[in-house]
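A, B, C, D and E are the chain letters, set down in written order, and residue numbers restart from 1 in every chain.
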Amino acid sequence: MPETSSRRSEKSGLPPGTVVHVGDRPDGPAILSVIDYDEQGFSERVGVDLEACLASVHAPSMTWINVAGLHDSGLIEKLGQALGVHPLVLEDIANASQRPKVEDYESYFFIVLKMLEYDQTLNQVRVEQVSLILGDNYLISFQEDANDVFEPVRTRLRNSAGRLRKFAADYLAYALIDAIVDNYFVILELLGDEIEEIEEQVAQKPENHPLPAIYRLKREMIALRRAVWPLREVLALLQHSESPLIRPGTAIYLRDVYDHTIQIMDTIESMRDLLSGMLDVYLSVLSNRMNEIVKVLTIFSTIFIPLTFLAGVYGMNFRHFPEIEWRFGYAAFWLACGVIAVIMLLYFRRKRWL
Amino acid sequence: MPETSSRRSEKSGLPPGTVVHVGDRPDGPAILSVIDYDEQGFSERVGVDLEACLASVHAPSMTWINVAGLHDSGLIEKLGQALGVHPLVLEDIANASQRPKVEDYESYFFIVLKMLEYDQTLNQVRVEQVSLILGDNYLISFQEDANDVFEPVRTRLRNSAGRLRKFAADYLAYALIDAIVDNYFVILELLGDEIEEIEEQVAQKPENHPLPAIYRLKREMIALRRAVWPLREVLALLQHSESPLIRPGTAIYLRDVYDHTIQIMDTIESMRDLLSGMLDVYLSVLSNRMNEIVKVLTIFSTIFIPLTFLAGVYGMNFRHFPEIEWRFGYAAFWLACGVIAVIMLLYFRRKRWL
Amino acid sequence: MPETSSRRSEKSGLPPGTVVHVGDRPDGPAILSVIDYDEQGFSERVGVDLEACLASVHAPSMTWINVAGLHDSGLIEKLGQALGVHPLVLEDIANASQRPKVEDYESYFFIVLKMLEYDQTLNQVRVEQVSLILGDNYLISFQEDANDVFEPVRTRLRNSAGRLRKFAADYLAYALIDAIVDNYFVILELLGDEIEEIEEQVAQKPENHPLPAIYRLKREMIALRRAVWPLREVLALLQHSESPLIRPGTAIYLRDVYDHTIQIMDTIESMRDLLSGMLDVYLSVLSNRMNEIVKVLTIFSTIFIPLTFLAGVYGMNFRHFPEIEWRFGYAAFWLACGVIAVIMLLYFRRKRWL
Amino acid sequence: MPETSSRRSEKSGLPPGTVVHVGDRPDGPAILSVIDYDEQGFSERVGVDLEACLASVHAPSMTWINVAGLHDSGLIEKLGQALGVHPLVLEDIANASQRPKVEDYESYFFIVLKMLEYDQTLNQVRVEQVSLILGDNYLISFQEDANDVFEPVRTRLRNSAGRLRKFAADYLAYALIDAIVDNYFVILELLGDEIEEIEEQVAQKPENHPLPAIYRLKREMIALRRAVWPLREVLALLQHSESPLIRPGTAIYLRDVYDHTIQIMDTIESMRDLLSGMLDVYLSVLSNRMNEIVKVLTIFSTIFIPLTFLAGVYGMNFRHFPEIEWRFGYAAFWLACGVIAVIMLLYFRRKRWL
Amino acid sequence: MPETSSRRSEKSGLPPGTVVHVGDRPDGPAILSVIDYDEQGFSERVGVDLEACLASVHAPSMTWINVAGLHDSGLIEKLGQALGVHPLVLEDIANASQRPKVEDYESYFFIVLKMLEYDQTLNQVRVEQVSLILGDNYLISFQEDANDVFEPVRTRLRNSAGRLRKFAADYLAYALIDAIVDNYFVILELLGDEIEEIEEQVAQKPENHPLPAIYRLKREMIALRRAVWPLREVLALLQHSESPLIRPGTAIYLRDVYDHTIQIMDTIESMRDLLSGMLDVYLSVLSNRMNEIVKVLTIFSTIFIPLTFLAGVYGMNFRHFPEIEWRFGYAAFWLACGVIAVIMLLYFRRKRWL
C-alpha cells in the first residue's frame, strides 16, 4: 500500500485546503513544461517558470502544462490561485493517496488517475498519481515523476497528424487517459508472463517455493483492481457529462477507453482466478508429495517390523529352543523373512497402496 | 486467456482508430463472400473483391457480406470507409480481444460476439470473435476464421423457406446470433460429457489424478461465462432498442435468444457447482485413503511393538533368569505373544479403529 | 442436470419456432383432458381429441385443457395454431429445459413452471416442466407426465365449492401454481427428514460415510433453488401485470403464493446452511478421530521405545557387564521398565496428551 | 428450523384461505384478553369470549385484543369474519411459519413479527410468531403462547403515563413492536455471554470440545438473522406508508425501531464474525496441539533409534568381536549413547524443532 | 464489541424517549464548555452550568457547546428540552451503542459519529460515540470522554484564521467531522505499522505465534469498517440535503470528507486482504515446517530400520550360523550397514525427498 504513506497522518489537524505533499517519491524540484498548439502551430518549452505558463494559458491557442513533481506546494498553490482553482483541488493534487475520481467545478474538471509502472528490479508494480485540470482551452497535468507514458501523445502533437491538433483540450485529456490505459495493457502482459512462468514452476518444480510469488501477484492484482475499478466510473461520468467542456464528438472516444477499462478489469479477474487456481494446485501438489513420502516410508518400515521381531525371537536365550538346534534353522529364517516380505508387498499392491 | 494475446501491447502508443490486428490465429488472406437476397431472388458469391461487395450493398436487395480473416487491415479500413463506419469500430473489429457488446451508431449497429469451438485434439474450447455491422439493408459479419456455424443460416436462405428471406437485415442478424448461441449448447454438452467422465473417475479411480482435468474445466467454465455473460446485455439492449433498424417483429425473437443465454448461464453455473463439488469429493477421497493407510499401518506396527519388546527381554543375558530355564518357556513366549496380539486387536475393534 | 438432456444439441441449426421435444421422459402418446365449467355447470372428459378441445375453447364457459406428454410435436403445433399461439411459445412448450418464466403476448400469457416429484426409489428429486397458456376464457396446461398434483384442484372444481368455479381462468391458473408451490413444501419436508437422518449419522456413526449423501442433498438444494428462484419473478410480474387477463381480485392471491415461494427460498437457504455445517462437522469429526488414533498409538509406541532399548542393552554380550551378574538383575530390569513407563504416562497426562 | 414444522405439508391440496394451525406448540385453548382505553379511561379483561371482544371493537375507545394460542381455528375465523378480515390473512395468522411481513388491506394493516425467547433449559432460542391486525381504532395481536414481553406495555397503559393513552392504535402497534425488538437485545446479550464463555474455553481448554456449541450458536445466528432481517423492510414500509392508519407523529417512532433493528443486524453480524474467528482459532489450536505432540514424540523416538541399533550391534554373536572383550566396553557403550543423544538434541535445537 | 455493553438490556421495557446512559466508560460528571464566536469576536468558557449555555445559544453569535460525559441523564434532558429537541434524540445521545447516522428534524440535524482512539497499553482501538445537534446558529457536541481530537478546531477558532470564523454552524460541524475522519488516518497508520511488524514475524519467526495478533487485527478491521461504513451515507445525505441549515458552499467540503471516508474504506479493505493473505502464508509456513520435520525424521528412522534388523539377525543364537564364525564377520557387518545407508540416501536424493 504505497499510497497510504506514513506521512498522511502529518496532515491530521491541518485546516482543509492546506496544500501538503503526501507521497513516497524522493524530493526534487517540480519541472514545468508547456505545449501550445492549434491546427496551424505548435510550440514546446521544457523547464519554464510559472509566469510563462500562465501567459500561455491566457493566449487563445490550446495550452498543455505538465507539472512533474509534487513537492513544491508553493508552486501548486500559485498556479491554482492564478487559474481560480478551488483550494480542496490543490490539496488533492499534492496528496498522492487519492482514488481515481472526477469532479465538475463548472469552469473546469478535476480528474485524478493512477498510472502504473513495472519496476523490473523489484519485480513490482508502482502506482503513480496523475491529476488533470481540464479547462476550456487549457489542460494541466500533474505527475509525481517525469516519465514517458505521455511521450507518444507529444509526438502526435508535434507531427500535427491525426485529430489531436484539430480538437480541443477535452480530446487532449482523452488522449492522455488513453495513453495511461494503453499502458495498463503493457503492465498486464508483463504480469501475465510472470504468472505463466510461475504456473510452470508449480507443476514442474514445486520445491522452488512459488508461494511468496503467488501471494505477491495476488496482492498486485488487488492493487491494480483498486487503480482501475474507479476509473470506469470516472470515464462514465465524463462520457455522460453535459458540461460544455466535453465536446459532443469526444464522448464516442471516451466510450472506447471505457470499453478498454472493462477489458482490463476482465483480464485482472481472469488473472486472479488463475492465481487462485494455481495456489490450490500448488497446495495439493505439495500435500500429495508429502503423502507419497509418508506412505512409502511407512510401508517400508512396516515390512521390516515383523522381520525384526523374528530376528529378536531367534536371539532369545531359552534353554529349550528347538529351532535353534536345527541344521537349516538359519536358512529357514531367511526364507521366512523373504516369504513374509513378499506376502506383505502383494497385500499392499492388491490394496493399491503401492 | 487467448484473447489477451501478446500483441495487444504493440498497439500501446498508437493513435485511437488505428486498425491493427490483435489475435492469435495464423496469418492468411481475408476471404469475402457475398449473399444478396430478397423474397424473390437469391445469389451467393464466395471470394469476391471489395468493389463487388460495395456494389451489392448499394443495390436495393438485402446483402450479407462475410469477411473471414482479420489480418488484412487495409481491406477492413477500405470497407469501413466506403460504408461510413467510424474508425473506432474498425479498430475494434481487427482487435479480437473485445468483450461482447453492442454500440448504436444511428445509421448502423456494431455488435461483437464470441463464437465457441471445441478443439477435440487439445480438449479445449477456443473462442473466436465475430463482429457484425447491421445497416438498414445490409449486414457485414467479420470472423477470425472461416467456419461453418453460419452454414445452416445460409442453407435456409438458399431454400427460401421460413421467415428469413421475407424479413430484413435485423432478422438475419438475429439468425446469426441464434446460430452462435445454439452452438453454445453443443459445446456445453461436450463439456458436460467430459465432466461426467471425470466424475466417474473421481469416485472409482482417484489414482488417475483427475485434478488437472477438473481445474482445466473450471477454467473453461470461467472463460465461457466471460463469453456469454455480456451477451445477455447485448441482447437486452437490442431487444429494447428504439432504433428503426430493429423492426418491431424481431424483438420477440431476440427475447427468445436472450432466454437461451440465460439457460446457458444457468447450465454453466450448474457445471461450476458440479466441478466444485467434485473437487471437494476428490480431495476428501484422497485424504480418506491416506488416512486409511496410515491407520492400518500404525495399528499393525503397534501390535508388534510389545511383541518385539518381549523378544528383546528373553534375549537378555542375565545370569539369574528363571523363565529361560523353564521347560516350556519358549512355548509360553509364543502363547504370550498370541494373547497380547489378540487383546490388542479386540481393543482396536472395540474402539472401532479397525 | 436432467434438464439439459443430451438432445438439446439436436436442435442446433434448426430454424427458430421448430417444435422439437427436448426432455428425458420415455416416449408415449399425449393425453388430452378437458374440463368445462362455470358457476352453474361442470363437465370433465379425459382422452378426447383435438377437435373436441378446440370446440370447448370457443364455447363461452371456462375451459381447462390439460396435455400430458410432450412427444407429439404435431399435436402441440396444431393446438397452438388453432389458438393463434406464437411458434416460439410452442417451441418452448416442447422443450423441457426452460427456466420458469412468464411472457405477455397480449391476448394470452405464457407461463413456464417447474413441478417437483420425489422419486422414493432413487432418493432423488425429479423436475418436471409445466407450461400454462392463460387466455381470456381458457387455460391450457402442458405436463411431461400425467400426475396428480393438480387432482385437488380438479376435486374443488367438481365440488363447486369455494371461489374456483365463480372466478375466471386467471384464478384457475393461480390455483394450479398454488398446487405446484404447495407441493414444494411436501418435497422440502421429505428432504428435511433425510437431512435430519444424516445429521444423526454424522454425529453418531461417521463410519457410515455420509459424505456422498451430503453432497447429493447439496446438489438437490441447488437444483431446487434453480426451480424456485425465477418463480418469484414470475409471480411478481403476474401480480403487478396491468393486463386485463389478470382480474384485480386475483392479485391478492398471487401475492400469497409469492410469499410462499419466499418461504421456500428461506427454507432452502436454511437447509443449505445446515448441510454446509454438517459437512464441516463431519470433516472435523473424521479428522479428530484420526488424530485421536494416531495420538494414542504414537504415545503407546513411544512408551515402549526406551523399554525395548533397555532390553537390547541387557542382551549385549560384553565380557565385563556388572549388572548381568547381579542376583536380582532381572527383577531390577522389570522394575526399571515399570518406573520408566509410569513416569512417561505421568508426563503425558500432565501435558494433557492423554 | 422449528418454523417449517412437519405439519406444513398437511395443508397441501387445501383451498387457499383455509385456516389450519401450523406450528409446534402444544395444544391448548386460545385465551382472549381485551384492553379498552382512551385518554380518560382504562379497562382490562382476561379470558373473555368472542362477543365481548367484538363489542369492544365497535365502541369508540381504542381496543386491544390479544389472542394467545392459535389452535382454535374456528375462533380465529369467526373473529376475522366479524371484522371483515381477508381469509388469506386468517390463514397466515394460524400458520406460524410466516416470515415477518406487512400487508396493507386499506381498512387495516396485517403485520407478522417473530418474537424470541431464550429457553434456559435447552440453551436454545425459540421463535414465536406474533401477528397484528391494526385497524382504525383497534389492534388485535395473535401469539402462539401467552408470555410477558407485552407486560411493560400493559403496565404503561394502566398507569396512564406517557404518550401511550393519548395516541391511537398505530402508536400501540409501535409500542408492541418496540417491546419485541427491545427483547431482541436481551436475547443477544444472553447469546453474547455464551459466546464469551466459549471463547475462553477455546483458548484455555480446547479439550472441552467447544465445536458443537460453536456450530449451535452459528445456527442460532442464522435463525435470528432470518427473524430480524425482513423486519427492517416491514418497519420501512410502515414508516413510509401513506395510509391514514399511520398518524404522522408515529413515523418518527417507527424510524427509531428501524434504527434498533439495524443495530441488531450489526450485532448479529459481529457475533457471526466472532464465531467464525473462534472456529478458525479452535481448529488451528487443535491442529497445533496435535502437531506439537507428533513432533515431540517423533523426536523422542528418533533419538532412541540409533541407541537401539547400537545395543543391537553389541548383542551380536560374532566370534571375532573386539569391543566385546574390552575392559571398559560396557562403559564406553553408555558413553557413546550419551554423546549420540546430546548431539541429536543439539541438532534439533539448532533447527528450532524443539 | 464494546458498543453493545451489558447494560443495553436494562432499557428493555422502558417507554421510548427515556434517557438512560448505555456505555462502558467509568462514571463521572459531565463537563460543559461553551465557545461563542463570530467574525469579530471569540469567547471560550470551560465547566460552565446549563443556564449559561442556554443564554449563549439564544445570543446572535455562533455557539458551540461541548458536553463531555454522558452519565448525567438529567442534564442531557434539560438541555434538550430547552432547545426543543425530540426525546428520541436525547435517548440516542445517552445510548453509546448507536450506528453513525443523520436525522433531519427540520429545525436541527441530529448526527451520530464514531471517534476512534488507539489505546497503546491494551494494543486496542477504542470506539467513542460523538453526537452532534446542528441548529441554525448553534452546534452541540456530546462526547463520552473529554479528549483532544477537537483541539485543532478550537485553535483555529481562537486564531481567527481560515474560513472557520466566517462561516456558520454547518461549517463548524464539517470541521469537527473532518477532525474525526483525519484521526482515522492516524489510527489506520498505527494499525498499518502493527500489521507490517506481524508480517515480518510471520515470515521470520513463525514460532512467535502471531495467530492471535492476526485475529485481533482482523477483528479491529471489522470494528473499524462498522464505524466508517455508515459514515459515507451520513456524509452523502448531508451533502445532498436541501435543508437551509447546510449552506451551499459547505457541500463541496462535505464531498471532500466523503472522499476521505472512501479512501479509509479502501485502506481498511487493503488491510483486510493483507491480513487474510498473512494468515494463509502463516498457516502454510507452519504446515511446511511440520512436514519438513516429519519428513526428515521419517527418513532418518527409515534408514536405521534395516540396520537394526541386521543387528538383530546377527544376534540370533542359531547353532549353525556360518557368518558368525567368519574372521571378518563383524567388519563385514559394518560394511553392509554403510552400503545400505548410502544406497538409501542416494535413493531418497534421487526421489528429491532430501
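By definition in this document, a residue touches a chain if its C-beta (ideal position, glycine included) is under 8 Å from a C-beta of that chain, and two chains touch if they have at least 3 such contacts.
Worth saying up front: this structure is predicted, and the values here are computed from it rather than measured.
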Inset, instruction - List the centre-to-centre spacing of subunit C and subunit D in whole Å, with centres computed as mean CA coordinates. - result: 27
Legend entry - Whole-Å gap between the CA centroids of subunit B and subunit D: 43
Legend entry - subunit C, residues touching no fewer than two other chains: 294, 298, 301, 308, 312, 315-317, 321
Inset, instruction - Classify the chain contact graph as line, ring, star, complete or other. - result: ring
Inset, instruction - Could you walk the ring starting from subunit A, turning first toward subunit E, and list the chains encountered? - result: A, E, D, C, B
Inset, instruction - Going by the contact rule at the top, pick out the subunit A residues touching subunit E in the complex. - result: 1, 4, 6, 8-9, 11-16, 86, 88, 91-92, 97-99, 101, 103, 207, 211-212, 215, 218-219, 222, 226, 283, 286, 290, 293-294, 297-298, 300-301, 304, 307-308, 311-312, 314-317, 321, 323-330, 333
Inset, instruction - Give every residue of subunit B touching subunit C within the complex, in rising order. - result: 151-152, 156, 161-164, 175, 178-179, 182-183, 185-186, 188-189, 192, 252-253, 255-256, 259, 262-263, 266-267, 270-271, 273-274, 277, 280-281, 284, 288, 291, 294-295, 298-299, 301-302, 305-306, 308-309, 312-313, 315-322, 352-353
